[in-house]
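Both complexes below contain chain A, partnered by chain B and then by chain C.
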Partner chain A sequence: MDKIKVLLIDDEIEFVETLAERLELRGYISKIAGDGESGISMLAKESFDVAILDLMMPGLSGLDTLRQIKDIDKTVPVIMLTGHGATKDGMEGMRLGAFDFLMKPLDINELLEKIKLALNPSAQG
Partner chain B sequence: MFKKITDTLFFLNTEGQDHYRVLRRNIIVIMLLITMLPLVTMVVINSFQYRSHLRNQIIEPLYAMADKTKHSFELFLDQRLAIIRFISTTYNFKDLTSEQNIKKILISLKKECCGFVDIGLINGQGELISYAGPYSLLGKNYSEQISFQETQIKGQYISNVFLGFRKYPHIVIAVQHLTEDGQTWILRATIDTDFFNTLISSMGFSRQTDAFLISKDGTLQTNSLYYGKTLEKCPLELAKITSRSNAFEGIDNKNRKIIIASSTFSIADYILVIVQPQSVALKSWYALKTEMAIIFLTSLALIVFAILKMTSVLIKRIKTSDEHRENVLTELQHAQKLSSIGRLAAGVAHEINNPLAIINEKAGLMGDLIEFSKDFDKKAKFINLTNAILNSIDRCRKITHRLLGFSKRIDVKIEPIHINQIIHEVLDFIEKDILYRKIDIKLILSDSLIPIESDHGQIQQIFLNLLTNASAALEDFGQIEIETKNINNDSISVRISDNGCGIPEDIIENIFDPFFSTKKEKGTGLGLSISYGILKKLGGKISVDSKPGKGATFIVMLPQKPDELEVLNG
Partner chain C sequence: MKPMEISKEKAAFLGRITASVSHDIQNVLAIIKETSGLMEDFFLMQQSGGLENFDAKVGKCLQTIKKQTYRGVDLTSGLNGFAHTSDVHQISIGIFGTLNRLISIAQRLFNQKGVDVSLMECPTPCSILTDPVLFQMTVFSCIECLIDIIGAKKAVSLDIQASEHGLAIRIVCQDTPLAYDDYSPKLIQSTQWTTINGLCEQIDMSAEIISDVPGILISIK
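Coming up: the complex of A and B.
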């Protein structure tokens, strides 16, 4: 089986680079985008198995980025990250077609579980 | 100046209850003055005006009456004088000396005019030389008597009433006749004074009105109702009566207030006096005065009652509104404080969350690297270390999430909420305390609880308040029971019971009042009042049931959807 390609979109570079490294250690291919726009352009150029998107970003917001990602490729599952205690944006993201959302700071195992589920929706539940 | 006065009157620098007492007193005094002053002034002016008006209405007619009566008397006396004068000119001295003639004259006089008792002829030396009448007076000498001397001087004479020789009250009228040959003689007649009394009674005075004649030296000439019989001395002050020939008010010898009208005779030394007691004359005035007094006193009582009542109500309202304002202010301040704390907490939580996420990933990566490398000396120790970091981060994450969650309760935000979930959230928050004190939490949460719309944050706060109170009331190892259920499918209820010390009966009524606290320094006394306020705003209700020593049960009811207006106005 090919390696799973993950796109990480987050303005917090320290966070996203470390997360990418951890995913690579676990055999994923991870690419980083520092803001919404570059994430969208990368997604337009190449295909990814799953996208992980931070909702709190300067410039193009997480939810707007999500909308545009869904315009380009409806099938790519998006897992949202939020620093908020509130679930409001997360709910809105779900309505827009995101697969799920997770709270920061992340539990890596939880993330891996979600990625697995996203790639194999039939295993859910 | 005016402002200074009102300030002094209404805003004295007194504190607390004293302030209301002073305010109450001042309002009462001012209102009494404002209402009573015109009333009293009006009553006094009215009373004086009416009295003087009435007095004129009574005194004037009384004086007119006195004058009229005097005229009747004068007319009568004048007639008698005219008759005697007529006889003296019609008959000559010689005719009159005849006993037969004079008897004839007396008979005609008695027949034609009433009152004549006798008639006699007196010569120039004062000797009675001819007489007709019931007594034997012939030969008596009158030269020493005033009647004789006065007649000699004035030509005619009307005497005061006197007993004379005959010991019977009568008056004498005498007319002097001067003959052509220079001789003088006097024709003298006696008149019965009974006639005076008849004349007075014929004037038609009221029964309590006294009318009588007095001589200028104060002797009663007729019987008086109040002051004695004929020829007795009249006790009234004569100087006053004779000095003014009109009517006035006075006090008699019996200290009775009277109205006196008098009229002085011109043809005799008589004064006609009419006396009316004021109690009779001013009868209508006294009746009016009583009525006025009754009306005045009744209005006085009504005014005082109304003022006292109104002032009490007013002061009570002011007090309530002051208290209300103070409470609102305090609650507002409290809310603002909470809001600031909330915002601060949210900011801190948010700012900390990002570095926390980085630390989390870095530590995670460290752990990963150690775990994936095969030859690492202290692999186990390092894995333990990174796990410890990750655990600490997890604790921090919980704290920031809680802070963010609780900071959102400040403004009302109606959204679909799950009560069971909120109860879990709140329990998470007080978990430490509960665990530490080994309090047993028993949850009876309904699975089929209807979803309701309300404010997540505010409801969180209410349950936090109630659960904190419940745990404060408990000893270690106590129990809290939380039950949720549907009511009529349009609202839900949450029951929170503890088996702690309970609420004393005497304070159970006050527990929802602001600032009521049993925690002394520890509590603000706002917890339950805020819960009460929030629930009211959200269309819910809170009730309490407690017995001292048997624990307390709070029941919160929430509607499926709050009334929008309530929320806006709340």
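Coming up: the complex of A and C.
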């Protein structure tokens, strides 16, 4: 089976670099983008199985990035990352087509579970 | 501005800054959590068969945690100092220190608009007797108003000026081709400009539009 390819978009570079390394240790292929524009450009050039997107980013916001991702590829599942207290933005993201959202700080197992569900939504109970 | 209106505006300002800094603190904690998780991964791999460059990998994680801890300390200290400015309605404050802390903790809000804000060094220590929250709100509103007019991907700088005429804070954007006739009407027509003037009245200051470069001059009477 091919490795799952994940695109991580977050302006907190140390966060995404560490998360990418942890995902790679678990058999995923991870690529990172430090802002919405770079993430969109990467998605336009290559395909990803899933995108993890931070909602609060300078420049292009997470929600605007999500809109543009969905314009490029409607099928790619997007899991958003929000801070506590930003649930409203997470819900708005789901209305715009995001698969789900998670709160920062993350639980890696919860993220892995969410990725599995995003790739196989019928498994959701 | 009526007292009730001022109280509401103050609460909204304090809440906005606090929300922004707490978001940054969450990011710091998220990095520390992921990095300690990565260290756990390394230890598990080391125990079950060994991991190449184990010491270097763990050392790098520790450096990241240390760096983020310092970042967290800076954020919480800045937030704590900022929160305490609401303790009293009038006190003598150092202008440079107060603005330096405000810009530092509000930088995320400015960055989100694609703008970097900086404060120039002030060789003369200047202090004023004022309402510290209203003073910070006034300066913050001026910066935000200017950012909204000049647009993203610019740099805004603040300069404290002391002269025989008194004290002033000059807030300017150098790297924009906008002419006075372009930015001046936009500033005057913005709702923020009305708010700024309302705030200035409360703390005996005045705001005027600078003519040679897009900017606002806050004069302290």
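By our rule, the second predicted complex is superposed on the first by the 124 of 125 C-alpha atoms of A that agree within 3 Å, B and C clash if a C-alpha of one lies under 4 Å from a C-alpha of the other, contacts with A are read in each partner's own complex, and residues count from 1 in each chain.
As a working rule, a residue touches a chain if its C-beta (ideal position, glycine included) is under 8 Å from a C-beta of that chain, and two chains touch if they have at least 3 such contacts.
These numbers come from a predicted model, not from an experiment.
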Answer with clash or fit: chain B and chain C placed together on chain A by superposition. clash
Pick one for A:P58: touches chain B only (first), chain C only (second), both, or neither. second
Under the stated touch criterion, which partner chain does A:I108 make contact with: chain B (first), chain C (second), both, or neither? both
Chain B versus chain C as contact partner of A:G83, first or second or both or neither: both
Just checking: does A:T18 make contact with chain B only, chain C only, both, or neither of them? Give me first, second, both or neither. both
Taking the superposition on A as described, I'd like to know which of chain B and chain C A:G27 touches: first, second, both or neither. neither
Which parts of chain A are in contact with chain B and also with chain C? 12, 14-15, 18-19, 21-22, 25, 83-86, 104-106, 108
So in the complex, which bits of chain B are touching chain A? 349-350, 353-354, 356-362, 364-365, 368-369, 372, 393-394, 396-397, 400-405, 408
Residue positions on chain C within touch of chain A in the complex are 19, 22-23, 26-27, 29-35, 37-38, 41, 45, 64, 67-68, 108, 111-114, 152
Residues of chain A touching chain C in their complex? 12, 14-15, 18-19, 21-22, 25, 56-59, 61, 83-86, 104-106, 108
Using the touch definition from the top, list the residues of chain A that touch chain B in their complex. 12, 14-15, 18-19, 21-22, 25-26, 83-86, 103-108
